[in-house]
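Worksheet for the structure shown next.
First chain written, first letter: the chains are A, B and C, and each begins at residue 1.
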Amino acid sequence: MIKKAHLTQWLDRVAQGYDLFGPVLDGVVQFERVNSSDQLVFDYANSVVPPKNLFLPQTECLFAFRREEGSIILEPRGGLERERVLFGIRPCDARSLLLLDEVFNSDLEDTYYQEKRRGTILIGLACPSPPQRTCFCTSLGIDPLSPEGVDVLLTDLGDRYLVEVTTEKGEELVGLSQELFFPSAEGEKLKGEKGKSLEEVGEKIGSLWEDGYWRELSRRCLGCGVCTYLCPTCHCFDLTDVGSTLSGKRFRCWDSCMFADFTRMAGGVNPRPTGKERVRQRYFDKFSYFPEQYGVLGCVGCGRCSQYCPMGIDIRTIINEVIARGAK
Amino acid sequence: MEQELREIVRKLLEEGAIEYFIGYAEGFEPLHTTPCFIERGEQVQALVWSPLCPYNLARYLHQMKNGAGKVGLVVKGCDARAIVELVKGNQIQRERVVVVGIPCQGQVDLAKLEDAFEGVEAVEGKGDTFLVTVGEKVHSVEKERLLREKCFSCRHPISFEYDFVLGEMSPLVYGSESEFAMVEELERLPVEERRAFWRAQFERCIRCYACRDICYACYCQECIFESKAPRWLEKTTTPLDNQTYHLIRAWHMVGRCIDCGECERVCPVGIPLRRLYKKVEKEVEQLFDYRAGMRVEDLPPLVTFAAEEPALSSRQDRSER
Amino acid sequence: MSSNIYLPHLATIIEIEAQTPDTTMLRVTLDDPTLAQSFTYRPGQFAELSIFGVGECPISIASTPTRKGFLEFCVRAVGQVTNALHELDVGSKIGVRGPYGNPFPLSELEGRNLLFIGGGIGLAPLRSLINYVLDNRDHYGEVELIYGARSPQDLAFKDELKLWDEQEGVTVYLTVDRGDERWRGPVGFVPSFLREIAPSPQEKVAFTCGPPIMIKLVMEALEEMGFPPDHMVTTLEMKMKCGVGKCGRCNIGSRYICRDGPVFTLEQLKALPGGLEL
């Protein structure tokens, strides 16, 4: 346990030894680097941009290049100067990192992602009740009070937080201010409520490849990048060179399967020529392709896509529609 | 009004006057409606109307380019300006669009509503108030408290001929402040502070392009930001790239922005885009005495040339002094 | 320590050979001598070629691993990077990442007859396998190649086509969509030419690569001729970036063309949602 009044003391101690990231109000709530706990906000539902950007930055230099004496010098970038602590990650987003781990560690390891992942300790914050109107993690088997995927989980109990430490790295952090923590009375751990399970969407969607629903949906969809950029499990990226052939940098930038040019080839042929194919790709990926590859649905129910869709398209409505229309 | 709308649409569809109708339907929760496409008479029950219908449905007329038939849609007075501009820009033919005007008594700003109430089930406009239903209680709130910012400078096209109207299409009149007050406030700042203001805003941009994609005026076949040769802008989101994106877009809005405010509404990171475009609008109005979307006959200032541009020459004089 | 999968190896162009008006073959060697020795690949795989400052693009490896010391890439100028690759001279430096993707199922082919059907630059990945087979001649049966291009001057690897045809147990059939005054051979699209030749499916595996529409029609023709779907192999193309199944764009169903392809049998494609739509 830690008293609420002592939380900032602990975080300030943490900030001395680590690069501390946490929720700040920068126009909207975002996870950003802070020097002290005064910059943090504690009364927030979740960040607009998910914390994936700390591991897969929207714009990341992979290496610099320059032409020199008839050859080319490549200088890899990336890596962390100091170990980082991310405070305030929600359980849905923590789960999303476990999913991204599958993508970036399977087969060939992505060192850029992995170095940031290994070098970051996660302090989770269990979700307040009631959840946001767009939240539905419990329908996908995620517990909004679960310490899964974080090193330390704090659960708000009024004037104090219940502290669950799940890893050695978490112990280290708590050890920085051992004096602030005290043992908890038994039975204080809250139980998360389970929502109506929507997990059968994964079994149903496969039958709907030809269904008219995707066209219906795509008519409303503008093809912008909000749902994908704000999705904690979307990981598509582009590689792009900036500079000249004499010197420059190669960047990795977020990209979106909702954009028409995402799959358009150099000659102009596009295997996903209209919004219908692109919308279908997104939901098949979440509910069919991702589970086929990694054994788990590619959605964590954070609800950001529903909350921020410019046209009010709601992923739960889509899931329910798929369940209603699809056959096993 | 909803019932009247449904009957009009049912008739249009049953008579074969239109292929489909674009309107508002219930969304996933009371605070969100969503656009809908009605293709058959029996679907008209889905159509709704409330102060929670922000979408400028004229944006969906871009899809008409590929067809030949007629399309119907419901517009608020402000949205009709988009139709005027789409006609001017040869994007649609007026006779292919059946326009149902709906007298809007102001739209609710969701953020303001959520700050004021929890668990809202419905909002309805009534005179100078919004009636907000929460559980069994109905709160009567002065409109000014909940209105979208853009509704304070509500202005309709002067000569728009609706095919149907569901009442009197008259602009809302609210507030005494100049509609350019927020621009002027920024203009009074020293240039460094202005630059710092916008830099901080643009730095947050995630370049999801929602502001572009929702814009009725962004109908270029190939957007400059997607051009591969030459590549004007990479996907990198450095402060400079983001600023480039927003400034290029602002230039492209010259004489075209109708202040529907949709760009600002959809921005997930809260960039005050309306201020940017309001600045563009102000310059155009002062230089050319022109406002987009008012009359189909008005020629856009950037496609016309007058040997004597009074406003421009007086500017030149000033700069030479 | 794991290696950086996005960092290309430097390579030098040692030979450039124009193949058709828009297609050029680049022969490159990897600059790091150890790597040049240890770099292994199999027919069907591809590499990501970089021109630093312009970008990267996936190109199938047209050479065969049986001939060591260099890599060959057949590049058609269609986009930014491929156009820039055409501007290069001998001695120019490029970046190479790879090899990526799955190869043709070499071990399953032993003792079988092989039918290759190529269109335009689609011959490049097949060439890798053809030369591999010819360099291990005893292990494989009859080889037939049906190859077409838009016009006679668009036929790639003209010298090699002759060489192959002269070999024992190899037959080369050529066709063009439109002839010219000097063309004496057949005129017609590859799929209909294939139906005219009507090769027997007996103990035979068919490989096809070319424009998507050609692949589709060839597959249909082969199926009608009695080739079983697991004996029809193609290599697919889609926009790719990372080459390693992470950037998320080149999937058909749950399979990434860069990681799980580019080589697929018709049987595999049939099992994927939209697998036959490419």
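In this section, a contact is a pair of C-beta atoms (placed from the backbone, for glycine too) under 8 Å apart; a residue touches a chain by one contact, two chains touch by 3 or more.
Computed from a prediction, not measured in an experiment: that's the story for all the values here.
J.: Are the chains arranged, by touching, as a line, ring, star, complete graph, or other?
T.: complete
J.: Is the C-beta contact count larger for A-C or for B-C?
T.: Spelling it out, more C-beta pairs touch across A-C than across the other pair.
J.: Let me have the rounded angstrom distance from the C-alpha centre of chain A over to the C-alpha centre of chain B, please.
T.: So the centroids are 31 Å from each other.
J.: Centroid from C-alpha atoms only, then distance chain A to chain C, rounded to Å. What do you get?
T.: Taking the average C-alpha coordinate of chain A and of chain C, the gap between them is 38 Å.
J.: So what's the Cα centroid distance for chain B and chain C, whole Å?
T.: The computed centroid separation for chain B versus chain C comes out at 51 Å.
J.: What parts of chain B, by residue number, touch at least two of the other chains?
T.: none
J.: Where in chain A do residues touch two or more other chains at once?
T.: 238, 240, 255
J.: Give the residues of chain C that touch two or more other chains, as numbers and ranges in rising order.
T.: Residues 79-80 of chain C each touch two or more of the other chains.
J.: Under the stated contact criterion, what part of chain C meets chain A in this complex?
T.: So the residues of chain C touching chain A come out as 2-8, 10, 31, 50-57, 78-82, 93, 95, 212, 237-239, 241-242, 244-251, 253-254, 259, 273-274, 277-278.
J.: Taking the touch rule as given, give the residues of chain B at its contact with chain C in the complex, in rising order.
T.: 228-229, 231
J.: For a test of understanding, state which residues of chain B touch chain A in their complex under the given definition.
T.: 27-29, 31-37, 55, 59-60, 63, 201, 204, 206-210, 212-214, 226, 234-238, 262, 265-266, 268-271
J.: Which residues of chain A touch chain B in their complex?
T.: Spelled out, the residues of chain A in touch with chain B are 26-28, 30, 48-49, 58-59, 133, 216, 219-220, 222-226, 229-230, 238, 240, 242, 251, 253-256, 259-261, 306, 308, 310-314, 316-317.
J.: Quick one: in the complex, what on chain C touches chain B?
T.: Where chain C meets chain B, its residues are 79-80.
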